[in-house]
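Heads up, the next two complexes both have subunit A, just with different partners, subunit B and then subunit C.
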Partner chain A sequence: MELPNLTLIKEISGNDIEFENSILDIIKLEFPEEVAIFKTNFEQKKYVEASNNVHKIKHKISLLGLKNGLETASAFELQLKQEKLELYPNFIEILDKIHVYLYN
Partner chain B sequence: MRSLSILLVDDDKIERLKFKKVCQEVDFESNIFEAKDGETALQILKASKTSFDLIISDLNMPRMDGFEFLSFVKKNAEFKNIPFVIISTSNSKIDLDRCYKFGISGYFTKPLKYTEYSKRVTSLLEYWNKASLSARLNT
Partner chain C sequence: MNCIIIDDDATARLITKQLCLKSEQINVLEEFESAIDAIKYLNTASIDLVYLDIHMPTFSGFDFIETLKDPPKIILTTSDKNLALEAFEYKSVVDYLVKPITKERFNKSLEKLDSLSTSEKKPTKQKNTSDFIYVNVDRRLVKVSIPSIYLIEAKGDYINIKTEEKNYIVHSTLKKIEDKLPSDSFFKVHRSFIINIKEIIDIEDNTVLIKKDVVPVSRSNKSELMQKLNLL
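Let's turn to the complex of A and B:
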């Protein structure tokens, strides 16, 4: 099973621990806010807005090394624009995985 | 090396950090003004006394997206000659064509690998630094 990891963030940071921590701090701060906005828009059936929210969240999915997760998020982003919702549970699963990784 | 004055427009704080990191790594003395959307970027453009050498912008942003911002800049007599480069995750031909119709000076998609990103940003900075120097020598 694919799990979040710091490989890409470490690659970006080189050996710069301060930079690595800056990226992680931003992710930890922004991720819950972005997810909350996404969920609100999704519940209110504002799917175009929700698609834009997924676009923003998927950058964090990518930074946390979730390659399959990124593909799912990209597909879901497109689906939402067409008001298709099949990948919602898969996307929520990715978000939950990240939440556990970041805050536990 | 002369410093470039750059207006960097991206709603993603991490992307802005990455760009500034490349500038530091290649010892490029850039004067970077940051905006998180097109609306803020416009305010900076209008209020700033700086003459910008380069605008680097994302496309997908809240409030005013990259297309709207680009359209405004290219229709404005004061700003239309500032080179405008898009750095986006979108590899859609429609987006690319739309941007080129507005008269952008470059477009690259954000690669996943940092080394590749760093190379592309470095080339971009070097190119526009030379172009900016030439323009100044010719005036």
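Let's turn to the complex of A and C:
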């Protein structure tokens, strides 16, 4: 199973711990807000807005090394624009995985 | 090089900013969450480079570029791999970075910027703007007033420079003399003729009358010639 990891963040930061921590801090700060906005838009069936929210969350998914997760999110982003919702459970699963990784 | 960063994602802004700081080549003046705020800023400040996210709510990166009359160099940063073709339609776009931006890719982008700056600094060959040209006639350099030239005709290895006073047969090519003449007055209407536009008397079909000379105009050059004329 694919799990969040710091490989890419370490690569970007060039093993600069301070930089690495500042990236993680800002992800921790932004992630719950972005997820909450996405869920609200999704529940209100504002799928285009929800698609834009997914686009923004995608960056964090890729930063945390979830390659498959990124593919799912990209596909879901496109689906939402067409008001198709099949990948919603898969996307929520990715969000939950990240939540557990960041806050536990 | 002074830059600004525009991205609605704080994580992306932080990464771009840190990569800039580490480069020592890029000085980040400001960062913006919204492209509209950045436009307001650009009305008051001069910058060399923008790191610009494409996908932003209400006002996208492409909207931003289209709004600016004279945009600075732009490096697009995006999570979307599929917009590169559209991105490079904009002349100001010098690179396209897919997020998350790695240090290696960021540095490559800096190298690209460097090579662009170097090529821009290379001096371009300036056209001679003198009113005179010296031509070699019978081993003598003869001064010819450029405004007095009304027609130049290629004849084998020679050109015939016609002025109001006299004609000069010179061992040269149309290309060489064309480079010495002001382009606002002189125009190559045919592979064998350069004319002084100011001396045109009339144009009929694919010929122009210059003084008493009737000169052919090639079909491919006619529309450009017409654009140069002060038509009613």
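What we mean here is this: the second predicted complex is superposed on the first by the 104 of 104 C-alpha atoms of A that agree within 3 Å, B and C clash if a C-alpha of one lies under 4 Å from a C-alpha of the other, contacts with A are read in each partner's own complex, and residues count from 1 in each chain.
What we mean here is this: a residue touches a chain if its C-beta (ideal position, glycine included) is under 8 Å from a C-beta of that chain, and two chains touch if they have at least 3 such contacts.
Predicted, not measured: the structure shown is a model, and the values here were computed from it.
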Clash or fit, subunit B versus subunit C on superposed subunit A: clash
Which superposed partner A:Ser62 touches (first subunit B, second subunit C, both, neither): both
Partner chain in contact with A:Asn90 - subunit B first, subunit C second, else both or neither: neither
Residue contacts with subunit A in the superposition, subunit B compared against subunit C: C
Residue range of subunit C overlapping subunit B upon superposition on chain A, of 112-120, 166-174 or 220-228: 112-120
Footprint overlap on subunit A, comparing subunit B with subunit C: 8, 11-12, 19, 22-23, 26-27, 30, 52, 55-56, 59, 62-63
Residues of subunit B that touch subunit A when the two form their complex: 11-15, 17-18, 21, 60, 62, 89, 112-115
In the complex, subunit A residues that touch subunit C: 8, 11-14, 19, 22-23, 26-27, 29-30, 52, 55-56, 58-60, 62-63
Contact set on subunit A toward subunit B in their complex: 8, 11-12, 16, 19, 22-23, 26-27, 30, 52, 55-56, 59, 62-63
Interface residues, subunit C side, partner subunit A - complex: 8-12, 14-15, 18-19, 22, 55, 57, 79-80, 99-103
